Amino acid sequence: MSSFNLDVYMPVLILIAFAVVMVVGVLVAGILIRPQNPEELKLSPYECGEEPVGPAWSNFNIRFYVTALVFIIFDVEGALMFPVAAVFQKFNKIGQGGVLFGTLFLFVAILVVGIVYCWKKGDLDWVRSYQVANDDTSKKEVN
Amino acid sequence: MNSSIVSFLSEMTNFEFTSLHAFIIFGIACFLMVNVSALIGGLGTYAERKISADLQMRQGPNRVGPFGILQFLADGVKLLLKEIIIPTQADKVLFLISPLLCLAGVFATLAVLPISSGLILTDLNIGILYVLGVSSLVGVGIFLGGYSSNSKWSMLGGMRGAAQIISYEVPVTLCIISIVLMAGGLSMTTLVNEQGGLPHQWYILHNPFAFIGFFVFFIGILAESNRAPFDLPEAESELVSGYHTEYSGMAFSFFALAEYIEVFVLCGISATLYLGGYKVPFELGSGELINSTLGGPEFIGKGIGQLLQLGAFFTKTFLLYYVVIWIRWTLPRLRVDQLVSLCWKYLTPISIINLIGIAAWEWIFKGQSIFNLIASLLHSSGGGGH
Amino acid sequence: MDYTISTIAWIVLFPFFAFVINAFLARKATKIAVIISCGAIALSSVWALRIFKDFIFGNYASDFYIRKVFTWFDLNGAGLSFNVNMGIYIDNMTAIMLLMVTVVATLIHIFSTYYMKDDMNYGRDGRFFVYMSLFTSAMLGLVLSDNLLSVFIFWELMGFCSYSLIGHYYEKDGAGNANIKAFMTTRVGDVFFLLGILAIWTNIGSVGFVEMYAAIADGVFTDPANNVFGISLAAFAGMSIFMGTIGKSAQFPLQVWLPDAMYGPTPCSALIHAATMVAAGVYLSLRIFPLLDVAGLTPLVAWIGGITAFGAATIALVQTDFKAVLAYSTISQLGYMVLGVGVGSYNAAFMHLITHAIFKACLFLSAGSVIHSLHDHHTHEHVQEMPRMGGLRHKMKFTWFAMWCCTLAIAGIPFFSGFVSKDRILGDALIQALHNKVYIVPAILGFAGALLTAFYMCRMMFLTFHGEPRDKELYEHIPEEKFSWNRNLPLLILAVFTLGVWFSGSLTGQKLVKVASPEGKLEWFSTLVVKPDVNKFKTYTSEKWGNTDTRVKGIEKSHYDPKHGMTNEEEIHHVHQVHVIGAIASIFIAFAGVFIAYMMYIRKSWNPGWWVSTFSGWYRALQNKYYMDDLYIKGVIQKGLLPLNRFLAWIDMGLYDRYIVDGWAGVSKVFYTFSKWFDDLWVDTVMVDGTGASVRLFNVVLRTLQSGKIQFYFIMIIVVLAGYILAL
Amino acid sequence: MFIDIMFILSALLTLGGAFGVVASKNIMHACIYLLGSLFGVAGLYATLGADFLAAMQLVVYAGGIIILMLFAIMLTGGHKEAVNKFGLDKIPSMGSVKTFLIGSFSSLIIGSVVLKIIASIINSHDGSGKLPEFSSSVEKIGTLLVTDHVLSFEISSVLLLGALVGAAVISRPRKQ
Amino acid sequence: MVSLPSFLFVSFILFLAGIVVMIARKNVIAILLGIELILNAAALNFVAYTRFINNNLEGHIIALFIIVIAAAEAAVGLAIVIRFYQIRESIHIDDATQLQS
């Protein structure tokens, strides 16, 4: 392979197409061979046999968001570090490893400040510290 | 320098393939790959049941086929014939899209799985990053599955699943970066080829940081694939069945299939990153040694080399697969707060330190592994007397 | 070592960085701060040792020096040249001084970890070490300075540290007053010092020592055209700068601050008020010695030194406070150094500076060791009163030993360092007295002071360590002294260096060329430290702002020259004879002092009480320090300054306030009436309200635009952008 | 040949997703359409030879931002219809005919402006532009990031730190 | 087929879709979706230009930082939206007309 060729992306498309075909095909084919007996109770959401109460799309805990927030920052950080990590050895061979180490270290160190901040402020605790104050409710917060 | 199955075949047969040929070859190869992985996934369910039965001093499935090995086929046929129930209040479009997202995300990762030096479907330059990207679709799929069911259990499971998957992606990403840093490239073949066939040439034993990093990575992929002890999204004792509570029939089986294939893929990737991947000792994999010893046409040696590489890869992968199942039936499930604090307060700091440590190691010791260092030390101390 | 500013400056910067770090660290992590302080000064001492090795063992000639400068700031403009250069100047004297300062400071830092341990535990936040680091840094900077301005900067920095450290125990009554007193008293000298610097700067356009020496050689200072207030520039500048020395080194008129400075912790007394900072004044006067010499100020200097040496010694006779005795002995010894400067005994004065620094640091540390052990369980304070001590030698052997070494050294007993240096000062004073009548009184005062020194030091030792314990209860509580690295090791190291052999012999071995010094001895000190020969700097003017590195290897002929024109052999012989006589006299005097003390306090044959009752007037005068404090407070401040202040206050309040300010107010009142009318009618009604009304009109229109709806704003942006681009 | 197929597929996915975002009545669906659109953009990047950017697009958008948005949608009430204390719909309407008319009109204006700007470029390219050849962009980007753009690399870290701390402070639940 | 104008066309349509979403939607999160579309259009433009005109990697770098900034923007923006929702119980854009809570 002398040059960059987009043919290498073929399997990706083919595999995704397989996935689509599989799901759609099985569902469509299934219509023919599987039973279809809908009734009201069967189509209601499962709540341990009780009558379902209200929709499930209600407010959720903010901690999920904070987790996702810390994640996205680290995700971007990781994605940015990939190319630098990929050229590390190249630079290391010509004796510039220290420069790259410094760059990476600074980059990571700055973000570590952020995670240390979040840690100290308790954003990484699932059971937040101020909820421990009234003990009876704290256990309920674990979901 | 993108090697793929097409380039391998053209090298073997000295035939220049056009785009159309490549498409056909890729199609066939992908079809095989999907089927093999689905088979592995199916056998995974069987293996899981068998191994758990062993661990618990039971028999396990033993009726269908010899030793019950066809049990998964029977299950599959049964699921195919089951009704797909879509709850009235559900978001019907998303309800059907979410298994598709899971399955597509998992299948797409198969494209870069390096099962041998030639039989890799395509060796993208961005291989490992591509795996990270497409496998994040699984998280979206699980979340949407939970959301679209409009059931409280599903919703809780979906939220948990998404939060867990993205949380554990952080240490996993950092571990992968440290491996990329050692190998100096993102493509899967680069990652494998920088290692050697013998254990002391693997990255797990390259330096102490990488050794710790392997365990961090392994815990991370356990959590990413929602395996026990991290199976909170589908914790059957608390959340009924988690995000796929409302799914039935084939729609459910897609989730299950995706999960089992994902475990296989992730085990394969951890074998690739840390355990030398398809590398066979003494460079047997390239086939040159076999050719020079046995003589005969070139493709025979290469073919034997490829088979050896396949063997090496699958041995390592299935060993890890066994460990995954073993862990599942050994350890109890974590609480949510334990899960979160394990990720953010232990694994992430450790992996950050590992990353810095590996960078420092590579810088200070000029990329030598600890065995090389010890060897050169012994050599120099032994040679000091002269 | 490569001598550039960036390699030498580290010796100053290590303690300075320690100061900067500790300023933040001391409150939270006192232990780390202490380690950083000690480590920094130890590093500096390694640096200093390196320089010392290069200079002393490298046998650089006595007039070899290294000078590196950089322009600090540059105010050239309008035809005026105002370059301020900073730089380093290293010669043999600097090298010796650096080693002395760093080593003594290191040992004192180590001792401080013992002495200040309780203090740190009781929440004093390790501030002590912060200031000690800054102080050491400033002292080293002063020693390395190549010009008077940076000397002045570091000088003031040390003054500030001294102020802070004297007031370390701020909750004590006297400490606050003492530090203000020390600060203000030294300020008097510093004002003159600054005046001297300005006079030099105005006339030669630079304040560097080298330029100053060159200017002296060129005769700029003695040129009548440069006279200031009718006296020669040399006399004016020399006297002004010497006033700085008087303030800093606690010489005769301004000595009152030093005894009060003993309110500070004992290690800081050892470092600042005995070993280094007060010596900085003498160091400065040695640096400007050619100036003093050419101005003919040396008799005055000698008189001041002699008076100080004797007067302080007499006051020390009657002190009962342990540290006060040491404080007065410090003043007295500084008087000897100044006397040495005055009689032209350049290297002896400097040698006395070094020897004194070592044995006085040791004395103060021993005093600290004693005082720290003597803890009164009723008042919970440390005991410093000698009448409550006695017999301590059984309890603290190491301290007793170290202190005796130092006492013998300061008393001028042979084979100890004090003898070597003080004897030479006295010998030179004797020579000068034989040649010039004006030096007779200083010489007599010097010899008398030597007698008293031996006496009161032995008195102190006998009262403290010998005899029976006079306060039994206190004595019982003293813990037995065990050898500890931070308490006794510094004392013993310093005690070793009180031996005279370190200073009188040849350190440099066979490399040293034997030179014909008057005594004919192989003395490294007198060979390597000699009075600067200003004529050698004459060529320096040609490359005025350049860097100079006069690296002359090997020893040239010594210029040991106590007074001009005494170089022929007969005179050398004469000098030698006089020195021998002086040496014999001072040995006799020293033993006499020791003997008297022995008879009084050990044998108790002679009763000290008889002296007190017989000379009760003198005794009271001595106890009141010759009424000098009273004179300053009652006479100068109350009679002089307060009336002046009242007069100025009257000018301010009686004249300015009453007539000018109030009168102006009356004028304003008239304008006010008019402007009020204008303001009410025109400004308020027409302009302000009119503006408001017009704004309200626009308001109605604009309010609809500012709805707070972001999308509306966005649309407006798009429309405007589109209009703008389409219009182009 | 294949490049055209890939371009067409990616462009269709991109534009279809964008159209879905515009037209969808359900915020959750709009989010999924956005995911599709971003996948399409990743495909376009791959078509352009920017393989690293494509992967980054997948990692950051599919893995991060979409999840974050889904969480945010769930945290702000999901799909529930209710009336809040200010009398407005709790789940705001996803736009009405009026707002869409205004939006279309605005986009027409801005589109004409943009077209005016890029018209010269489109005219100067005759549509048969040959693709220059590219090898892996990862190492080149890595080299650029640590040489020419090292400052922006480090500052992006500071930006992320600021975003992390700021967002954590804003979204932290208050004790009330 | 694969040429600069075709990419510009795609990014142009993407951009316009983003503008429409930003103006027509009243849901703050939906507006953020529109912003993501616009940012992607911009990044796509950069990559296309740098591919067909400069043939270097500067555009890639800019697109990289656009993605970084988009992530930061999404994080902070959504945090603000959530906070706003906690205070106002609404994420209607027209409720956000005041700077104080």
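When the chains are written out, they are named A, B, C, D and E in that same order, and each has its own residue count from 1.
Everything below uses one rule, namely that contacts are C-beta pairs under 8 Å (C-beta built on N, C-alpha and C of every residue); 3 or more make two chains touch, one makes a residue touch a chain.
If you want to know which protein each chain is, UniProt gives these names: A = NADH-quinone oxidoreductase subunit A; C = NADH-quinone oxidoreductase subunit L; D = NADH-quinone oxidoreductase subunit J; E = NADH-quinone oxidoreductase subunit K.
Computed from a predicted structure; not experimentally measured.
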| item | value |
| --- | --- |
| Neighbouring chains shared between subunit B and subunit E, ordered by label | A, D |
| Chain located farthest away, centre of subunit D as origin (C-alpha) | C |
| Selected interface, A-D versus D-E, where C-beta contact pairs are more numerous | D-E |
| Core chain by centroid distance, with centroids computed from Cα atoms only | A |
| Centroid-based (C-alpha) most distant chain relative to subunit E | C |
| Distance from subunit D to subunit C - Cα centre to Cα centre, in angstrom | 70 |
| Distance from the mean Cα position of subunit D to that of subunit B, given in whole angstrom | 29 |
| Separation of mean Cα positions, subunit C and subunit A [Å, integer] | 67 |
| Centre-of-Cα separation between subunit E and subunit A, whole angstrom | 21 |
| Touching two or more other chains - residues of subunit A | 4, 7, 9-10, 55, 57, 60, 62, 64-65, 68-73, 75-76, 78-80, 82, 85-87, 90, 100, 115 |
| Shared interface positions of subunit C, touching two or more other chains | 714-715, 718 |
| Shared interface positions of subunit D, touching two or more other chains | 2-3, 47, 49, 52, 55-57, 59-60, 63-65, 67-68, 71-72, 74-75, 77-79, 102, 106, 110, 135-139, 141, 145, 156, 160, 163-164, 167-168, 171 |
| Pairwise chain contacts, counting only pairs that touch as defined | A-B, A-D, A-E, B-D, C-D, C-E, D-E |
| Footprint of subunit A on subunit E - complex, ascending | 64, 67-68, 71-72, 74-75, 78-79, 82 |
| Residues of subunit A defined as touching subunit E within the complex | 62, 65, 69, 72-73, 75-76, 79-80 |
| In the complex with subunit D, residue positions of subunit C that touch it | 714-715, 718-719, 721-722, 725-726 |
| Complex interface listing, subunit D residues touching subunit A | 2-3, 6, 9, 46-47, 49, 52, 55-56, 59-60, 63-65, 67-68, 71-72, 74-75, 77-80, 133-136, 138-139, 141-143, 145-146, 150, 153-154, 156-158, 160-161, 163-165, 167-168, 171-173, 175 |
| For the subunit A and subunit D complex, residues of the former touching the latter | 3-4, 6-7, 9-10, 13, 55, 57-60, 62, 64-66, 68-73, 75-80, 82-87, 90-91, 99-100, 103, 106-107, 110-111, 113-115, 117-118, 121, 123, 128, 130 |
